[in-house]
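Starting off with a structure, shown below.
We call the chains A, B, C and D, going by the order they appear; numbering starts again at 1 in every chain.
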Amino acid sequence: MSDRQFVIPIGPQHPALKEPTSFYFTVDGETVVDVEPRIGYNHRGIEKAMESRNYIQNLYITERVCGICSNAHQTAYTGAVEEAGGIQIPERAKYIRVFFHELERIHSHLLWLGVAAHEIGFDTMFYYVWRDRELVMDLLEEISGNRVNYAIPTVGGVRRDLQKDKFPKWHKILDALAERTNYYIKVASTEQTILDRAIGVGYLSKEDMIRLSGVGPNARSSGVPCDTRKTAPYLLYDEIPFEHIHVDNGDVLGQVLVRVLETLESVKICKWVLDHIPDGEITTKFNPLSKIQEGEAAYIVEAQRGELIHYTISDGRNMPYRHKIRAPTLANIPSVVERLKGGYIADIPIVLAGIDPCFSCTDRMAFYDEGKDKSWAWDGEQLRRHGLEWYKK
Amino acid sequence: MSGLITTLIAVLVFPGLFFILTYGLFAQWVSRKAAARLQNRQGPLHTGWQGILQPLADFIKLVAKEDITPAAANKTVFNFTPLFIFALPLAATFLIPIQSITNLWSWTPVASFEGDLIMVLFLMSIVVLAIFLAGWSSGNLFGAVGATRVAFMMLAYEIPLSLVAIGPAILARSLSINSIVNWQAESVAAFLAAPNLWGLVTGMVLFIGFAIYVICLLAELEMRPFDMSEAETEIVHGWQVEYSGKKLALLNAGHDVKMVLAAALLTSLFLGGPAGPVLPPFIWFILKTTFCVLILSNLSVLFARFRIDQLVSGAWRYLVPLAVLQVMAVVALSGVI
Amino acid sequence: MAMERELLKNAFRKPATLIYPFEKVEPPEGLRGKHDYDGDKCIGCGLCARVCPSFAITLKGGPGPKCTGLLVDLGKCLFCQQCEEVCPKEALWLTTAYELAVLNKKDCILDFNRTPPPQPQAPPKKA
Amino acid sequence: MSIEEQINVVKDLVNEFGEDSVYDTKNPRLYKAFATVKREKLRDAVKYLKESHGFVHIITITGVDMKDRYELVYHLRSGGFNLNLKVPVPKDDPKVPSITDILNGAILYEREVNDLLGVFPEGHPDPKRLVLDYDWPEEIHPLRKEWDVQTIREKVDGKKWGKDVE
């Protein structure tokens, strides 16, 4: 390390990165030279915990893997368990699952748009986007009874039904969302200060993205067509008419465009579901204590941040033998490290926010939950020793 | 003897220390409330009518809070720079004509001498030096980065700021703010009496100067589009990161006074200062400066934050040539008027 | 500059934020909030305690007829409504009360009592 | 990619490496296939799949502790087609050749499996700790079946752990 370089630790407690991870940047003046990600601060040992709970109790663990993509995790978990156990779910339940899957995508993308605006210092847009996001949050709360963890999918179907008499009101809400999203597309593409901070920032070419196996909007902003709803349709996505959004900018502006256009597509899908939902049963009664036949299933879902896989192995008991969750953000870390190199310090928050990191998703492998205080002490001591080393240089 | 008392009152109470401080807190309230309303939210509410006492409440809270000096900090510099950051803008406000004690309808600044405009500009750049020392001496990584950014910013906005400030001085053929204000009062009265083409042209040229001056003030006050020196999402709180308690209270009060000074300079140089038909001068002064604070607050809510290199390159590529052209136009005009 | 028109339009509209303690949002009727309990209907079967994912419900006085009520620990509860779904007698359900802040930990344990079944009166003593 | 093409891809893989090293292949449904590959043939299989069948994307690597052996499942994907390669690893020498140089995306997943299951990826650029804590004891690999929640907790923290401990 030449003498002019110094290391800026960003995270795990940093206003820009509200996620429990830490990146060590070696910077030379204002440009970033090297990045070392350190994840694992929010490690809850979910997979080990899931091996000692039955299938219904696991529903509520997978729901809490991450705050904003709780429904995606549950859709994937129930899909995997039903495939392993050979359980068929009624047609109407599929429609309701798709409806919630897309509503949560709108809610998560709008949340990200606000946070990204905040990262580049545009708090006004943050306030406006989050005010308009309340529309979809109230809609979700009205149907599922909760703003975030909706607990709608369950093994064998869905837990709550959509009342037909409310469809016209929901259509109006969805139209208002589409109209507001169009306004933000116009602002994001004409506001000069946003363009200055987004064009060419954190660029990654299509080849590098494929080489580093990036997923979701992060990959689709570099031109890689990898939307699982299109490449490997699950639930009803082969029947629903919607576009495969991917742009070739490769920079932060590309990520903004992909996510905002996807929000519009999600609104279209929700309206399609409301128009085509058949009547009928919404769940096949699955007794919480019943057993699942022996089998294995890998179920891939297109969560908001990218491709999410739930791989489950059942051995005939009412608890899974092994359940693997790989959240999209872990797949995006190698590509974000590439994006950060060569940029400015000022761009670190927006490039990091570019992949919409959700590290609570990423950190759920090994067992370490109540030990929080212990790792806490570690942080202080590790940073203190790091401080000493840094001064000695 | 009576002269001494009036100057004492002038310095300590009326257009001096007490007035500027209360007006500073009021300006902070105006800016916060306007920003809130523009962003469709409430803004401060519970302290006093519509939260008008909120800045005072913050100030008192901070004074009561614990005051930490970090071990790695350079103690003397760290402890004394907030004093400079607070005192220097305050001293500069004494040179601004607001209201004379003795007679209600005239305005004489507390102290006025030929060249006090240069003095004010000098004091404002010394404040930047104090801010740099404050950030650098705090011994914190983020403080150091914030301090270097403040220094970079000074490179960017200092030259267009001073160039454009000289414009009205050339027209008024004097470097004292008081005489600039008097000249504006007369020329506006003259123009209203007999509107002629040259009057319009000088108005246009001065308006361009006003716009450049507002942009440079946004940078000097470290407000939104140019607040990279305390960018919350990148370097926590920039150069103020290690300050707490009384020192932070002083820094915030300093920032308020600097905003008042900036708005006051804006009004005195371009909007005719306290001159106005019916109302007494200091009412006009308050109206005009509040209007300027509203402009600053609206602009700060409107944009995202630039990067430091964008500011410096943008300033040198656009602001400086524009300022030079503006001053040349003013010089040409001064020949005519 | 793109948002200027929107800003000015909203400047004079009513702010979107509510002043919480004085203005409250009316919760939708499907909201999963604090529990409510009907002592007569409950038969003390303990299904809700067994199915609860976070072990928040405990029976008082043991299962079956000996059960004298429920202890629901809101500190542990996930509000997933699984207990309401599994209860055969609809004795336990979630209301829309969402203000659950308490000052000390013990208050967040809801103590529900079962109305004791009419004791079989002692046979009237022969005079 | 229709179901026939996907079946052919698996058939090509089997013909390429022979019955003994690629066996127990299944195509349960569209876009899904399973196959078991011998540890020695793993690198060649991945290289072959990448070049000839476009499997450029690795979703993740799952480490499973089957009672008698460890098993690493490599979830690969080409377009929408998800092929899962199972690699049995004997318990006495838990090592596996690293495929990071073929598929760079696997760099974090191999470190994760090393942390949790103790299967060391040979040839990995920097096999450091990824998710476990800084001073987590070396010999505990949480996802091995012989460790369960209570014993890990007592070994790491020395505190008794139970449902009622506050």
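Keep in mind that, in the parts below, a contact is a pair of C-beta atoms (placed from the backbone, for glycine too) under 8 Å apart; a residue touches a chain by one contact, two chains touch by 3 or more.
Keep in mind that this is a model prediction, so the values were computed, not measured.
Asker: Based on CA centres, what chain would you say lies at the far end from subunit C?
Answerer: B
Asker: May I ask which two chains are joined by the most contacting C-beta pairs?
Answerer: The chain pair with the largest number of C-beta contacts is A-D.
Asker: Could you name the chain whose CA centroid falls nearest to the centroid of all protein CA atoms?
Answerer: A
Asker: Taking the mean of the C-alpha atoms as each chain's centre, how many Å separate subunit B from subunit D?
Answerer: Computed value for the inter-centroid distance: 63 Å.
Asker: Measuring from the mean C-alpha position of subunit A to the mean C-alpha position of subunit B, what distance in angstrom results?
Answerer: About 45 Å separates the centre of subunit A from that of subunit B.
Asker: Can you give the whole-Å distance between the Cα centres of subunit B and subunit C?
Answerer: A distance of 56 Å separates the two centres.
Asker: How many angstrom lie between the CA centroids of subunit A and subunit D, rounded to a whole number?
Answerer: 23
Asker: Residue numbers in subunit A touching 2 or more other chains?
Answerer: Answer for subunit A, listing residues that touch two or more other chains: 124-125, 128, 131, 191.
Asker: Which subunit C residues sit where two or more other chains touch them?
Answerer: 1, 3, 7, 10, 16
Asker: Of all residues in subunit D, which are in touch with two or more distinct other chains?
Answerer: Nothing qualifies.
Asker: How are the chains arranged in terms of who touches whom: line, ring, star, complete or other?
Answerer: Chain contacts: none of line, ring, star or complete; other.
Asker: Every touching chain pair, please?
Answerer: A-B, A-C, A-D, B-C
Asker: Report the residues of subunit D in contact with subunit A in the complex, numbered from low to high.
Answerer: 28, 31-32, 34, 56-60, 62, 64-65, 73, 75, 77, 79-82, 84, 103-109, 112, 115-116, 129-136, 142-143, 148-149, 152-153, 156-157, 161
Asker: Going by the contact rule at the top, pick out the subunit C residues touching subunit B in the complex.
Answerer: 1, 3-4, 7-8, 10-13, 15-17, 19
Asker: For a test of understanding, state which residues of subunit C touch subunit A in their complex under the given definition.
Answerer: So the residues of subunit C touching subunit A come out as 1-3, 6-7, 10, 16, 27-28, 30-32, 51, 53-54, 78-82, 85-86, 94.
Asker: Spell out the residues on subunit A that touch subunit B in their complex, using ranges where they run on.
Answerer: So the residues of subunit A in touch with subunit B come to 6, 8, 14-16, 30, 117-125, 127-128, 131, 191, 193-194, 196-197, 344-349.
Asker: In the complex of these two chains, what residues of subunit B are touching subunit C?
Answerer: 36-43, 45, 298, 301-302
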